[in-house]
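In the two assemblies presented below, subunit A is common to both, partnered first by subunit B and then by subunit C.
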Partner chain A sequence: MKRFIFTLVIALLPASAFALSPGAQEIMTKSQAAFYYPGRDFKARMMMTLVSAGGQKRIRELTMLRKNFPGGNQKYFIYFFQPADVKDMTFMVYKYPDRNSDRWLYIPALNMVRRIAASDKRSSFVGSDFSYEDVSGRNVDEDTHTLVKEEKLGSKDCYVIKSVPKEADVEFGYKLSWIDKKTYLPLKEQYYDKRGQLLKVFTADEIKTVKGFPTITKRTMKNVQSGHSTQVIFEKADYNLGLPGNLFSERFLKQPPRKWIE
Partner chain B sequence: MRKFSLVAFSVEHPKLIVVLSVLLTMLFATQFPKIRTDTNPKNMLPATSDVRVWNNKVEKTFALYKDVIVLGIRNEKGVLNPSTLASIQRITGRILGLKGVAARDVSSFETIDNVTSNGGTLDVGPLMPHAPKTAGGIDALKQQLFGNPLFIGRIISRDGRMAAIYVPLEKGANGRQIAGAIRKIVKEERNPGDEYYIAGDPVARDTFGAEMFKLMAVFAPIAGMIMFLVRYLMFRDIFLSIVLMMDAMMSIIWSMGLLIGLGFPIHIMSSMAPVFLMAIATDSMHIFNEFYFRYREKRDKKTAIIETMNAVSRPVRNTALATAAGFAVLMFMHIVPVRIFGGLVAFGTISLRLLSFSFIPAMFTFVKDRNLERIARSEDVDAGWTARFLKRLAGLGIRKPAATAAAGFLLFAVAVIGITKTNINNNLVEWFKKGSDIRTADTVINRSLGGTDTGYIVAAANEDGYMKSPEAMRYIEGLQKDLERLPVVGKTTSVADYVKRINYVLHGNDPRYYAVPPTEQMIGQYLFLFSMSAKPSDLDNVVDYPFKRANIWVQLKTWDARAMKDVISEVARYKAAHPTPMVFKPAGIAYFNLVWNNEVLWDMVKGFAFALIVVFAILAWDFRSLKWAVVGYMPLLFTIVLIYGVIGFSGKDFDMPISVLSTLSLGMAVDFAIHFVSRFRRRLAEENAAGGRPDKDLIAESLLWTAARPGKGIMRNAILFASAFSVMLFAPLTPYITVGAFIVSMMMLSSLLTMIYIPALVTLFSGWLFDGGRQ
Partner chain C sequence: MKFFAFLSALALFVFFAMPGSARAVNLGKDITLDGFLQGNYSADTARANPDGDYFKLAEERVQLKLDANKDPFRVFVKGDFFHDWIAGRKFDSDLREGYFEYTSGKWGATVGRQIITWGVGDLVFINDVFPKDYDAFFSGRPLEYLKKGADAVKFGVYPDFASFDVVIIPFFTPNKYPSPDRFWLFNPMPQITNRPEVEPPVSLKNTEVALRAYRQVAGFDTSVYFYRGFYRQPYAATDNPLAPTRLNLTFPELSVYGASAQGSALGGVLSLEAGYYDSRQNENGTDPFLPNSQTRMLVGYQRQPWTDFTAEVQYYVEYMQHYSEYLANLPAGIPAVPRWNDLMSLRLVQMLRHQTLKLSWFMFYSPAVGDFMLNPEVKYNFTDSVWAAVGGNVFGGGNSASQFGQLARDNNTYVQVRYEF
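Right after this comes the complex of A and B.
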């Protein structure tokens, strides 16, 4: 009886006018919002560990600042602490929902800012197993999404969505995502290559709620074909700090304000 | 006289013996369905060998692939045209879809990343995301390709006529199968003017392994048929020819069955065992040879059989022992498949002998007297051109022993000079015939690009981070420049090249900045930038995580094992002239081939020396005399020295197949001397019934008799042996031709030398040999 009422309530929700569950496209849109857009702005101190197939490790320590702008636009500011010889290096991304991002890099040894026109969004972010798109989000409209099934992952109810890229210019043939029904965060993603073989696996290893926003504070991306993997730990994470809009400029790339990056 | 009783028993109960033999054969044959094969010649070295462990470690540290296939696309008018480029794009796409291909690291125009400078902007991305269709697009691509020294000689030839796709393979993938799939893909392209070439170690290696098995499956039966035919021509009796064939077949089934039953995979080496056993089986020829002579004299089958076995049992037993021992010494070698092969053939040889003393005499009893009569009539010591020819050969040594010996000594001396000219080398690709696909592809690609064979030089420092220092970078740059001066080196690539490239790009393509930057901080930041602009594996391939070790890629233009040796000694020379805290160690497939060839080669040379000693010991034991052992040993030693002398003079490399053969042939070539000496001494003892020191005439007469009667058996044996192996002269793989030529010449030479030099030596040293009346 309880279950019946529960089902009835769900069925009467406006978002699910045609089905018990929301459409795959809608799930992914919600997931993107929960994963990449929560809050007005966001700051995290990240420890990124690259682990080679042989078990060797490389560390990248950075602070990432993110601010949302109207129309789905976002700006990212990244400051590197480690490796030691790239300390003070900064990286800035203007992300647009409908076209390629703009990127700038500050090279302290040359005291030089260079704009980077990267035609490959899928290329590696600082040598890690995460691509630029994995860091800032892939446009939902670039893939065709279908709801494959609903199942429990651990104790959490998930939608399992299959996403097939519309263009063939990416390294994966399709992706399966396990989207938490409650938080809409992706708990697991499996990337399959164009031959249908498993290529990369993303896992959300720890989720904490920060200022009311469920946040993945520990995540891993493993390339199962090469054996290489990358783990990212958010040592500090905070939302709605009131990051100034003019922070995301070439001037501050060269002289990042201590206040925001520490 | 246990053997005697076995023969007598077999003659008394022939049916029982035949049934028992067949049953035993069936028992061994039941193991055949469990057959497992191992076609990888690399497995000659165990996975735990130093070089494999070290190479695995290097591959892991630098995220390298063991096996890479190179596809060269050539167009006489240049590959940078819209249709060839579109074709390259299609081919790349389909290669990425092949199972077993490490798609993430395939290097092609489409997948390789490039970083270029355009005003104040750095352009990062794939070199050719889409094949250009316009002249402008082609020009831009041309500029990118030739503007980046990392690409020239790697993915594009300097003359623009060849493009290359590098296809790394996942662990355990079969290079021949993937090469086959790529061949199929390019076959469908049909772009006018485009030619395709497929090369690389895995193609050569896996093709060789597969071909070798195929050849064995073809050659063993052909060799069997030829022996059957030649035997029939010799004795004109189908029944006996079949008996001899069955004898060989049974021993092959027994030994292969045992090998499979024990759970060993059939490796390339052991796949050759059937042909060897078939050849060794020809030794039963002596039984037949003698049997017909005896039958002619006695006219009674059973008596003739038993007398025959009495006369030949000792040499037949001892030649088997020598052959078995010659192969058994291989069991003490280092290389596992060689040990297995040695044990396998030794077991087969002993089985053969067992059959010679049971199955063959038993089968003799079934031959009709009428047939024997007919054959025996043609067997006469005095008549027949063979007998006359053999007597003339022996007569040469008897009449002019000193001159014959002197001529021999002269030849021997010349051959020794030839041996000093021996060239030790090995070239996997040259195992294929000139004009074969694999060899042509390799030649064409090596002419245009940096080289299909890859070696690594791993530089290791004492402290983490050292590789980021300008000092280390400049040193590596200098070493590369030095290595590139070697004629065998086509191209080198290192972390210094990446740093220089980034420096150049960041400074607006100013050629002055194509250099190692002055500070460690710059190098660190450039490398970081590089890691943002290329596949992560690109950086991993040249430097390890703590920046303690760097990997210099050395592309070689030849598969000669010697080439890597040159590189290694050049590195040592450079380091001696330019001191550095870094140490350098070679690795990679080129290094593996060098070590592998050397190990097998020296293992074989060791085995050869060991077999020489063992064979001598067996001769001495058999003849119960060191003196006679020396005499019996001479033809063998002479044959070997002559053959190696010819190899030395001809300039043919002393390579792995030849070294393997040397050991194998020893135990077989000594047979003739054993037969000759044993039968001669037996004859002499019979003729010289009075005892005492035999006179010269008696010795000469006995020598002539031996040359004509057992000598006929020796010649027949040699011809049979040689005809079986001559099939290999027509093989498409050069090591087989080498095996064929080597064994044919070895058999013919050693039989001839036995016929000439044993009589000469016996005549010359009769005083010494018959000293004190001992024979």
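Right after this comes the complex of A and C.
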């Protein structure tokens, strides 16, 4: 608990507080905190647009609620508005930094809550180019990080970090991340496949400050090999709403409270 | 004629799919209306139906869902209107669900026709004692049609230490089984055609009660269950065992005591469920025309070995409590079921093409009886609002009286096409 708070505090300090450039591992830890953990809780209404190589569009409209718990644990609650075949579906994740998540899916037509296996974190989230890990964060300890260089991306000073997975059970060979020195948010990521070819590119297209937290409100993940891409726009985003802990339960999966999902 | 039905449905889909991406209709801030158009056709592949037809199913269907919310109240109505091309049936409708709901912080109530699903089994039901439609399941309807609404009052009570569901069902609803017109079924006394079905009359004494208490224990979702009511499967009794002229189909009294747990284990999801079926009208097991009390147990394991692929295996077993009494009283000509009866299932699902293409394989196999059911299916989402599925149901093995063995002549291949709005 204490260590987690300490990590968060570190993450919120400006980089200039350090005489030397921080190590790559430390940068990625701060980046994770800035990207996936800000606030006590978080709510976003998202519009995901999936675009096939041929230009066909599909829509996923959802509200995501997230609450932080001690030890880096998080709970997620997702409600789907669109498309019609998943409308009113809810999805819940208990995320643990050091082991597989617990996931539940509620299917309204059967009024049924099912646990679903979650061993593969690289599986696509609702058919998009984002994996589950891209939505809820990848454990920093699963990769070896090195600071490759420091450079400007547009007008922003960035650390460029190379992350190589320690296990071979992921679809990418390594990843380059451009981490904003000011906010510690990733502005760009390039995923390379195991042959060293560019596979996917993540870009933070719009960043807004919400209740003091810099937030990526528009992002794109493009698979440059398949031509498929996904854009996510946060139509609304808010922090520290006081989400109740018991919201993340079977009862509310079946009866999602409109107060929180709308 | 059938071909025309298919063509007209197809035309209907194309017409409605034209405008492109669809959205639910908002009738004001708190009311939505949505639903789907569906074509569903299932053709016999083994031989014609007993009624001579070659289709288990050929119909077009519209479903409308009206959802009105004004916290803390909600009204939900889901109704189907369909045209059935088989057996001369024409237009018909079905109120799938229709209820009024009140929700507050610590409790809630749902009154009306509602679908209730309990337990952790994948198409194996121990503590889910609520109405089901096996005709839909065996003839290639979308899975949601396996569940039927119960006319019930459900209370949810949510103190901090656990959650409780209390279901009160004053109006009995039997399961729906494949009809003898469309399915070849085991029929031990074909000469008796007089088969009145007697449902338990509505009374305070016959009101069904189902309870579930649930909470998380050590990371597992755990539940305990109780049910007092009736078997939803009819049991046949002859009016006169020596010279029967009539089979009375009744729904014997049943109580179920059970528990389940589901959670992460062994790199996947482990499911456990058990229940004791107390056949209250046949406590000593001597009546061969009534069900024997049983203990039913299930273990399931689900895992995701690679990206977008899920495998799930289950083993289910039921144990008859009073087997020697059952054997001693079984009439000649009726094959005995084993004391231990079991069932395995395997479900494999691979999602492809950004989860628009779903390849699935489901099978039941009973090691004790040797019969099986196979259900391969391919489903493709053409757009966000149009999908189609093609699949098959193959039955066999066992004997002419066993669950799947009796359906050996009922193999079918089906098409489901749906436009959702």
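Please note the rule applied: the second predicted complex is superposed on the first by the 243 of 262 C-alpha atoms of A that agree within 3 Å, B and C clash if a C-alpha of one lies under 4 Å from a C-alpha of the other, contacts with A are read in each partner's own complex, and residues count from 1 in each chain.
Convention: a contact is a pair of C-beta atoms (placed from the backbone, for glycine too) under 8 Å apart; a residue touches a chain by one contact, two chains touch by 3 or more.
Keep in mind that this is a model prediction, so the values were computed, not measured.
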Once subunit A from each complex is brought into register, does subunit C clash with subunit B or fit beside it?
clash
Could you tell me if A:Leu176 is touching subunit B, subunit C, both of them or neither one (first, second, both, neither)?
neither
Return first, second, both or neither, reflecting whether A:Ser124 touches subunit B, subunit C, both chains, or no partner chain.
both
Applying the document's definition of touch, where does A:Asn100 land relative to subunit B and subunit C: first, second, both, or neither?
second
Considering only touches as defined above, state whether A:Lys259 meets subunit B (first), subunit C (second), both or neither.
second
Which partner chains sit in contact with A:Asp85 here, subunit B, subunit C, both or neither? Use first/second/both/neither.
both
In the superposed arrangement, which partner chain does A:Lys57 touch: subunit B (first), subunit C (second), both, or neither?
both
Considering only touches as defined above, state whether A:Arg251 meets subunit B (first), subunit C (second), both or neither.
second
By the touch definition at the top of the document, which applies to A:Asn111: first (subunit B), second (subunit C), both, or neither?
second
Just to be sure I read the superposition right, which of the two partners does A:Met47 touch: subunit B = first, subunit C = second, or both, or neither?
neither
Candidates 26-34, 62-70, 404-412 or 494-502 of subunit B: the single one with C-alpha clashes against subunit C
494-502
Contact residues common to both interfaces of subunit A (with subunit B and with subunit C):
50, 52, 56-58, 83-85, 109-110, 112, 115-120, 123-124, 126-129, 171, 228
For the complex, which residues does subunit A have touching subunit B?
50, 52-54, 56-58, 80, 83-86, 89, 105, 107-110, 112, 114-120, 123-129, 169, 171, 193-195, 197, 199, 223, 225-226, 228
Show me the residue ranges of subunit A that touch subunit C in the complex, using the header's touch definition.
50, 52, 56-59, 82-85, 87, 100, 102, 109-112, 115-120, 122-124, 126-129, 171, 228, 246, 249-251, 255, 258-259
Inside the complex, what are the residues of subunit B that reach subunit A?
60-61, 63, 96-99, 102-105, 113, 118, 120-126, 129, 170, 468, 506, 517, 519-525, 528-529, 531-537, 539-540, 544-546
In their shared complex, at which residues does subunit C touch subunit A?
21-24, 34, 36, 69, 71, 101, 103, 108, 114-117, 120, 143-144, 146-147, 156, 158, 160, 163, 214, 219, 221, 262-264, 267-269, 271, 302-308, 310, 351, 354-356, 381, 383-385, 387, 418, 420-421
